[in-house]
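Common to both upcoming complexes is chain A, partnered first by chain B, then by chain C.
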Partner chain A sequence: MNSLAFFDCLSIARRIQSQVGSVLSSELHTFAYLSCLLSLYKGNPVSEWGYDFIGIRQNAPYSQPIDDSKSNILRLGFFDIDKEQYIRVSPSGILEHDRLKLLKIYSRREQFIEGACSSILALPIGLIRNALSKEPNLLASQESNSVKALLDERSPSLVLLYDQFNALSSAVRIEMTNLMIPAIVWLSYLSKINEEKEGGMSNG
Partner chain B sequence: MPNNIKLPKILKVTLRNFSLFSKNPSITVDFNEGVFCLAGANGLGKSTFLLAINFGITGIVPDERRKFLSIERYYSDSIQFSSKFFSGRINENDRASAEVSLEMIVGEFRYNITRGMFEPQKIRELEVLKREGNKYTKLKDFSKLTFDQKHQEYIRLIPEHVGLETFEQLVFLQLFVLTFDERRELLFWNERVLERVLYLAFGINPEEAKHADVLRKEFEDADSNVRNFNWEATQLRKRIQEIEDQRDTKKEKGEKREDLRIQYSQLTQSREKALIEVNGLENDLRDINLQVGNLSAKQAQLRNEYENLFSTYISHKSIIEYHPLIATALSEGKCGLCGSEGEGVIVAVQQVVASESCPICGNKVAERNNQESEQVFTKLQEVDEQLSKLKQSLDSSLTAQQRIITELEVANNALSAVTQHLRVFENANKLKLEQYQTNTVSTELDTLIANMVNQMENAFAKKDSAIKRREKKSKELKELQKRLQRQYAIAEAEFVASFNKLAVSFLGLDLNIKMEVHQGIAGGISLLLDVNSTPRRQNYQLSESQRYFIDIALRMAIAQFLSDSSSKSTLYIDTPEGSLDIAYESRAGEMFAQFIKSGYQIVMTANINTSQLLHRLAARCKSDMKLLRMTSWTDLSDVQIQEEDLFNKAFAEIEEFLL
Partner chain C sequence: MAEVDYRMMTEIANIYMTPLVKQYGDKGINILRVIFGTLQQMYKWIEPLQVKGSIVVFVTIESNVQLINNHEGVLHSDFKNIMQDSLTSLIVQVLENGDFLIWKNLDIDVRQLSENSILYEYHDKIERLISAREESHIPKLIKGRASMFAPPTFSDLTEAISEYREEMVRFSSCYLLKEVWYDNNRIFLKNKPEFIMRNSLTNFLKIRLRGDGVEVRPEQNVDESHPVDIKITWMFSNRLALIEIKWLGKSRNGDGSVSTEYSESRAKTGAKQLAEYLDMNKSQAPQHVTKGLLVVFDARRRNTDQLPSSISRVEGLYYADKEIHFDPCYHDIRADFFLPSRLFIEPICQENQ
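So, the complex of A and B:
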């Protein structure tokens, strides 16, 4: 079990839930990945995030530790899941999340998860998912038509990502502890690229 | 002093073993009163005959290449030349025996001397007789003396008998005034010589003339020293300036090289500094990498420990009703362990869950889990704290690592840049850097300049000293000049009249001479010649031949003025005709005749030709002229032999005038 993924699942689910009432399993992966990217945006190394992602179908990020943690959380009764597979954090889950937040190993991650999950205040989840699918690493994963570890430090896609982050940092200019704004700006940028691409394709 | 000099009057000359006169190497010539003319063809030795007579009297043969500096210097400087002059004219076998003997009258004394032709400062035979009444008696017996001693006696006695202060004065008068020879040294136009002549002729006494000669020489030496030291100092100053310029240029170059050296040093130091920086950062990086490695390992270890604890923590969170076996039994009514089905299974399982006991072992699950969970969480907190601190350390180390990496990159770039710069600089300035000796060169030049400045100052000091000496001599000379001017003023009427009479007879124009005192520090006295009241200072204002005879007139006038009436001097004139036209030749003959008629003697040489000079002279002097034909003394050239009739005819013509 990956304790970091365990905490992230609780934290993401709780935040999404507070905005939209429940969370889907795939959204745990999406916002975990977005949180990880915001950690990179803040200059932390990939390795520090604590678990990996891979690109799967439809350019969605997937993390095995997230999936395992979701199962464990469900088993422990911290998540409730209904027949439509919508997940909610149980009262015991909320208590456990609050307790785990006391540990510094998790509290450091809160800002990234907060930044990622806050984006749904400004952007629809569907748009967020679609925009993220145009993230260079996910895009590269799709183009290679093979399951591939995301955010490999040797990958040129990571260089592209950092270029985008540098541009983003220059565009945002101000140093922010709340990473929501850069997340929204970046996602909007990716979304715009996506729209232009799709527009181009449909026009063509 | 005027009119009391008793210059030698020649009576007889004997040449022995004088090889030049091959047909008659030992000859004796008796001189008559009046004019003696040795007539001969070109190249027979007429001039040498006159030189031999003067050598006999003075021991000196004039060296036409020697510049006259002073009466004393002229004598001493001419001895060496005189001792060798007859070498080409006398056979080697005759060197020892070749000699000249003279009989001459000096006032009341008669001198018989014999001198070897190569012995300017020896007298082989010396006899000095003093006239007492009608007979001569030996003044002293010199026969036992050595040649040198005889010479010393001779040079002591003769100036005294002549009435001069020194033997050198006699030599000077004999060679520069009484002799007009091949040198064609003209008194009028040689101020240095003429001034000495004037002092001897018109000065108070020969001693003063000697003093004037010495003073003039000292003045000229001092003047020369002034100019020499000034030149030396000026040259030194110029050279110093050149060396200073050179030094400054070298210094400048040196400074440039110094600049280069400084640049080189700075570059080298920069490179060393950059290298040290890189080495230091590389060491720092190795250290921080090691530190990061250790911290990372610890972090990984702690993370692993944390994960294990977290798993334990979570495992203690197990809730029996969420266990898959229990959950399946409750939701589907089927026991996952034994396979029983039905409502009874659900009820039984609900009871077990409600009892919070394990359905298999029966232990109280919730109570135990809560206790253990708290314990594990406490451990989790401890590890979390350790991880947090470790992360801080690791973050710090990673930040430091990143900083060092960045700094190392910058330092490596700087090192590469300075290394490249240094290589380019070394290649561009290799030679200049090798030639770097600025300090040494400058020091050497400074020392040289210091020495030269010292020399220059010495030269200027010597120049100043010479100026003072020159001024002192000038002052003394000017005192003498004033006395000479007074003496000349007294004698002027007589002297000028004598000159005029002679010169007018030649030139046919009114002539006048007057003493001229030169202004300035050098001073000096000369005679200015007026022709028809027009001053003629420069010698080009008369033709060359005219100048010769005007100068001969001057010599005659001086000789007349100098000579004691009882001992009239002899003038020696070597082939004077020159290129005068027949009118002036005749006039020259007339002038010579006048001189003879006034009681003086001329010993002259002449070419045998139809010269009007000899004709007029012979016609005027008659028995006072003796013509000696020297064609029989030596071998004639083929041309001369073939045309000997012409000589005979010309000679006969002259002799006719003598009758």
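So, the complex of A and C:
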């Protein structure tokens, strides 16, 4: 089992639950991927994240370690799930998260997870998911029409992502620990770019 | 590959990088975080369209400084008991302990107030952040929404159905909906496709309408003998939507025989049923504002009596623009009836036929 994915599941679920009451399985993948991208934004290499993602249907990110961790967490009783598949962190899950985040290997991920999940404060989850699906690597994955690992160091889409992050960094200007604003600005940018593109297509 | 639009990125960043955020860094961002969190909490209880004037939420840079003098604010710990019937304006100062000082129907100079605070203002569907007398407009990324911070509502449902039509149904791209077809060219449906359609729409709406207190549940009973296909509950605004699903077209059994054929009259029956459901629901959930939506999956193709295995564009798309004429038009004569949504699913047509 990937312990980093295990921790991320607990941390993401707890944060989203505090905003919208529960979390869906697909949101664990979405926000884990967004957290990973914020880690790249802060200059960390892809390999440091600790697990991989692939692009699946509807341009959504998916990570097998996240899926395996979710199943383990459910089995251990740290998540409760209802018949409509809404997940909630159980009291023992909260204690487990509190215990794990004291360890440096996990605590340094909290900044990225917090930044990703804070975007829910300003943007609806549906919009975040749609905006993220227009991110260069997920777009390229859809265009290639095959299941490939996302964030391949040699792919042109990763270069474009870094270009976007350079622009983001220049636009935000100041150095900050809290990544909520970069997350909101970048997702809004992806959403607006896509809106313009679709507007252009329907007009033209 | 597309280039990066630096100008657009900078414009969006400038909305959130208010002067006081730039000056105070993480402290300023934490204040923004508090404001955004308060807005989400507030809009569960306050409908922005019902406030005629402005809604202002602010946090002072120095903790708990009283910037509005001469008028007593009322201390609240939540927004549950704020009566909004006669509100012309609402001003909220968020205090360090999470409580709120609230002033109703008070006229203030927001620019002056913004000198030592970060402030959000809503007025007539426009949202701004103001600090140190500089203002920026929060982009409206979802059309039709009064506030980007308000939970999803009826207008989000109609928007979501339009997205579902284009993104999932038109070319049957939803992975669940791919399973409804008897044949690879999407000419005939499988027998009893309604459960797959319901699951596909439920799944989409569940993800698309995510927000605190929004529940999308399949097949809830209005009473024991009259199920609706999907029920959506907006907990904090006492809104309910009941969705009835019908399908049109031909379905075939595993042995190739036609099992069912539904034409336009099936949709009309659905509208009548839904109107009856809504009447029944009035007595069972009188405290809710309930609206009904008829969703029609339209898989009709012309000239399919010979059960062809391929179809031309002329025959396959014959019904693509043929709207259904409802009589009576419940959506015109009843306020609790959405305009029915017909979702035409295109077949794979043979170009040279």
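Here are some notes:
In this section, the second predicted complex is superposed on the first by the 200 of 204 C-alpha atoms of A that agree within 3 Å, B and C clash if a C-alpha of one lies under 4 Å from a C-alpha of the other, contacts with A are read in each partner's own complex, and residues count from 1 in each chain.
One rule holds for everything that comes next: a residue touches a chain if its C-beta (ideal position, glycine included) is under 8 Å from a C-beta of that chain, and two chains touch if they have at least 3 such contacts.
The model shown is predicted, which means the values in this text are computed figures rather than measured ones.
Under the clash rule set out above, the superposition-derived model of chain A with chain B and chain C shows the two partners fitting side by side.
Of the two partner chains placed around the shared chain by superposition, chain B is the only one that A:102 touches, whereas chain C remains out of contact. In the overlay built on the shared chain, the residue A:75 is in contact with chain B alone; chain C does not reach it. The wider contact with chain A, measured as residues touched, comes from C rather than the other of chain B and chain C. Once chain A of one complex is fitted onto chain A of the other, the partner contacts of A:1 are limited to chain B, with no touch recorded for chain C. When the two complexes are overlaid on their common chain A, residue A:94 makes contact with neither chain B nor chain C. When the shared chain is aligned, chain C comes close enough to touch A:168, but chain B does not. Once both structures are fitted on chain A, no C-alpha atom of chain B lies closer than 22 Å to one of chain C. The residues of chain A shared by its contacts with chain B and with chain C come to none at all.
Looking at the complex, you find that chain B touches chain A at residues 306-307, 310-311, 314, 317-319, 322-324, 377, 380-381, 384-385, 387-388, 391, 398. Chain C meets chain A in the complex at residues 1-6, 8-10, 12-17, 21-22, 25-26, 29-30, 32-33, 36-37, 40, 139, 141-142, 148-149, 152, 160, 167, 173, 175, 206-213, 215-217.
The touching residues of chain A, counted against chain B in their complex, run 1-3, 6, 45, 72, 74-77, 96, 99, 102-105, 108. Within the complex formed with chain C, the chain A residues making contact are 19-21, 24, 26-27, 57-58, 84, 118, 121-127, 129, 136, 156-157, 160, 163-164, 166-168, 170-178, 180-181, 184-186, 188-189, 191-193, 195.
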